[in-house]
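There are two complexes below, and they share chain A, which is joined by chain B in the first and by chain C in the second.
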Partner chain A sequence: MVEISPGELLLELSGVTAGYGAGLILKGVNLTATRGEIICLIGPNGAGKSTVLKTVSGLLQPQSGTVTFAGEDISRMSSRDRLARGIVHVPQDRSLFPAMTVWENVMMGAFILKDQALVRRRLDEVAALFPIVAKRRSSAAGSLSGGEQKQVELARSLMLDPALILLDEPSIGLDPRSRTSVFASISTLANDGRTVLLVEQNARSGLAVAHQAAVLEAGVVALTGTGEALLTDPEVARLYLGASAAGPAETLAKVV
Partner chain B sequence: MHALIQAIILGILTGGVYALMASGQTLIFGVMKVVNLAQGALVVLGAYLTYSLFTSLGIDPFLSILITTPILFAVGVGVQWVLLRPLHGDDIGQLSLLVTFAVALGLEGALSFVYGATLTNVQPTYANFSWTVLGYQISLVRLVAFVLSLVMLGVLYLILQRTKFGRSVRATVQNPMSAQLLGVNSQRVSALGFGLGAATAAAAGSVFGMLNSFNPGSHYDLISRLLTIVVLGGLGSIGGSVVAALVMGVGSSVVSALASPIWSDFTFFIVLLLVLLIRPRGLFGAKTRGSL
Partner chain C sequence: MKRMITRAGLIRAGVFFALLIIVPILGGPVWLLNLLIFTVMYAALSSSWNLLGGLAGYPSLGHVAFFGIGAYAFALTFSGSVGDGYSPFLVLPVIGIAVGLLSLPIGWVSMRTRADVFAIVTITFLFITQTLAFNLTKITGGAQGASVAAPPFDPATYDWPFYYAMIVLLAIAMGISFYFSRSKIGLSLSTVRADEDKAHGVGVRVTAVKLIAFAVSAGMVAMVGGVWAYYIGFIYPQFAVDPLITIGMVLMAFLGGRGTLWGPVLGSFILVPAQQFFAQSFGASQLYLLAYAAVFLVIMLFLPRGILPSISDRLRRRRAAALGAARDAEAHTADAVTPEEVKA
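Right after this comes the complex of A and B.
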């Protein structure tokens, strides 16, 4: 894993364009994230939020521009090499292996590790943070509720002790209580100096946990600021928070 | 009554061997969604390899499995790596059907070239030895074949359930994209999975060669039985295909004993038709599909 001191620049996207076939989805994205911060990406459907995550994890190669991670240009690197450098991607769709046990699922998070003693140690640490791992250890992952499955996915993402976690819509399809616990867990993930790049449809909750935030519109970053600043920005409120009159205090209260 | 029980015993012993062949096919389908039409031809290849090792080097047909298993594993990996891996696009399923059928025809042609089309079989000295237990005949070869199949199925089960490689195979079956995100090389898993599936044809082949007369064209009959078993077991469920193989083994053996051997092959397809009419996803399809 890459060692970086706190506050240091960890991830930088510079002029990234990417897409499928002829159509470009990202049209020159500039974005930075420092170590230990949660950065939330909001924006309308089709703006390219998930695509940003894919260019960072390597599921999609940028057509131009660079992705720099810990000072290294990783734009052309394979997903697996990026994984080995500590970039973990938790996709939007259910990503557990439904017929495998919770324990096996979490173990798969350490698939690229050879050191079995290290894997066991990590497993203990992860189980301490996410009680569900020990509690439902031998249950088939598919038998868990949506909220529980998300907790296991988050637990699994920690097995590599990553420097950067990419979370794509972690609260989608969850009931309000599970949603609350997912956002609580996101803060847990960002402990120990990890950076979390979060894409969230539920902009209000996303911004509330984020240190930094960016609005993506039509493939470019239209606005950046602290999570709090965007939460109280009237324009952002009108477009993405579905409220106009709500003051900041009220807004925050609704989140919890 | 005596004839019925005798037929059931025979059916179970035969079904075990089919179970081994079908588990390989199921594994390949589960990992790659490829219906491997060459599985029957791989079994026949295994039978001929056993035949050659036995007639020219005098190696016992059961012992020869130690040699033929790695050979068929390599053939399977080769087929996947050279012929299936380059396939791309939405119609991979149909393309791979054609490719594996081509492999079956290629193997048939090559075997005909080397061995000719005459029916042959592997006849060790103990080929016709049998015990009589409580009045029922139990053939040595069939019994050993059955036990061997159980052992091989057990090994396959342990590989899939208890090893890291097995976990990555099951993960790829259940969620390929997610497995890839965690660093699993799906092409490598596919190649090794295909190899493992083909390797089961080695043990099945030597047993098949001892129990049946065969020629290079025998794979047509075999593959139609295997497809029946795999579909009946609910495509993609190894446990399901084992049960289906036993059901089919007993079914055809009982019909053969009570009615006529002519009807025995037909039984396979009648049972398949009936099951699919009542349970379109096969005996175990709904519950276990996509999970091995």
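Right after this comes the complex of A and C.
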């Protein structure tokens, strides 16, 4: 794991281009994240939000530009090496192994660790933070509801005590109550000086928990600011929040 | 849940191998030992196939190619003389390692595909190998076959060395299977079997672990092929690279239970005698294959996951019903699981 003092620059994307096959999805992304922050990335479908996360976690190699983590150029590093440096990716699709139990799944989060005593200690810590892990430990992960599975995924992401957690649309497909608890958990993840890079279609909730935010538009960062600033920016509200900055109630009133 | 060395497991293995070992000593009809040699051979083949097809979830249909390569490697090495007859057995590990290494590029290419496509790619490899065996006449003798020098064994116990060699290979294959299932390799393989993308996500070295399973499986099958060639004495391309042998090892693993330690063994001890029985009953016609297939279909119809997993599921359900679900849940909570112990 990497030791970094709070407020220090942890992650820097500079001029990153990337894509699948022929076309480029990212066309020169510049983005920075400091330690201990929640950064929310919003933008329309196809803007490249998930692709940004993949270039950081190593599932996709950038075609040009650099990804720097804790002062080290990790652009060409394998995803396993990035895991070992403390970068954990929680993908948008369900990533638990449905046939394994909750306990085993959480344990898989520490797969690359060799020290079993450390794994057990982490497991206890994680189970304390996420009650579902202890409560449903022997259930097959596939038998849990979508919201519960997401909680277990978030719990698993802590097993490596990562410095950076990449969350891809954690609230997608969840009912309002599960969504609320997921956003509460995101704040939990960001404790202990961890950085969370969050991609969220549910932009209003995402910006509300974020310290910093960026708007991604057609493969480039179009706008950055604090979460609060973007939340109250009328232009952002009009384009990405699906309503005026004043909130949905007022919009509804207008429509009616 | 846990796959540890338990007393019950040790006793089971001890009794099984002790029984196998004493059969020739007790005596009995000649056909019995002959049948046992082929039964143990298939158990070893199926257990080796299971390392890849069962544990990693890559159902190779081309494994008999490695069997044939091992057989030819042995036959070509010992076409002139086998000395005292025992030393050729010592060359088997060399054949196993060489074929294991040779299989790496084949595994690397074929395992870029999955499931049905992988089955087709590997079966293509089988037919390429058979065609090569027919046509590389300078090396293999082509359709004329290749012969191994006859060992100077005592006629009364002629079959024994081959039989014990097969038992040793079966024990090694089962030992590897057991080791895999309780090590990080087995855990990696079970995540690969479940979903490779997810396996990547938690840091499993997917390609490496797949190649290990492929090479070990292929090398084991090649060693069995070497013993087979020695026992048969004269090998032909259509028998050394026989699709029926591939089908045999796959069916036996499916029948007994894929991905389990004892499943392939159980499957072999049912199917090989059944096959022999039908072959005798229906004479030289290929009709026995129909009966063979019928046995398989009936079992698959009633125990689709194979015999062992179906039975253990049923037992567990019955036990759970007897104990009451609540107490069962409690019992589960009591045993902590570390990654090593997660069942593969």
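We take it that the second predicted complex is superposed on the first by the 245 of 256 C-alpha atoms of A that agree within 3 Å, B and C clash if a C-alpha of one lies under 4 Å from a C-alpha of the other, contacts with A are read in each partner's own complex, and residues count from 1 in each chain.
The definition used in the following text is that contacts are C-beta pairs under 8 Å (C-beta built on N, C-alpha and C of every residue); 3 or more make two chains touch, one makes a residue touch a chain.
Since the structure is predicted, the reported quantities are computational estimates derived from the model, not experimental observations.
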item: Partners on chain A (chain B, chain C) - clash or fit; value: clash
item: First, second, both or neither for A:9, with chain B first and chain C second; value: neither
item: Which superposed partner A:137 touches (first chain B, second chain C, both, neither); value: second
item: Chain B versus chain C as contact partner of A:24, first or second or both or neither; value: neither
item: First, second, both or neither for A:127, with chain B first and chain C second; value: neither
item: Which of chain B and chain C A:239 touches, first, second, both or neither; value: neither
item: Partner chain(s) touched by A:229 [first = chain B, second = chain C, both, neither]; value: neither
item: First, second, both or neither for A:95, with chain B first and chain C second; value: both
item: Which of chain B and chain C A:103 touches, first, second, both or neither; value: second
item: Interface residues of chain A shared between complexes with chain B and chain C; value: 59, 79-80, 83-84, 89, 91, 95-100, 104, 107-109, 111-112
item: Complex contact set, residues of chain A against chain B; value: 57, 59, 79-80, 83-84, 89, 91, 93, 95-100, 104, 107-109, 111-112, 156
item: Contact set on chain A toward chain C in their complex; value: 59, 79-80, 83-84, 89, 91, 95-101, 103-104, 107-112, 116, 119-120, 137-138
item: List of chain B residues in touch with chain A within their complex; value: 164, 167-168, 170-171, 174-175, 177-185, 288, 290-292
item: Residues of chain C defined as touching chain A within the complex; value: 187, 191, 194-195, 198, 200-205, 329, 332-333, 336-340, 342
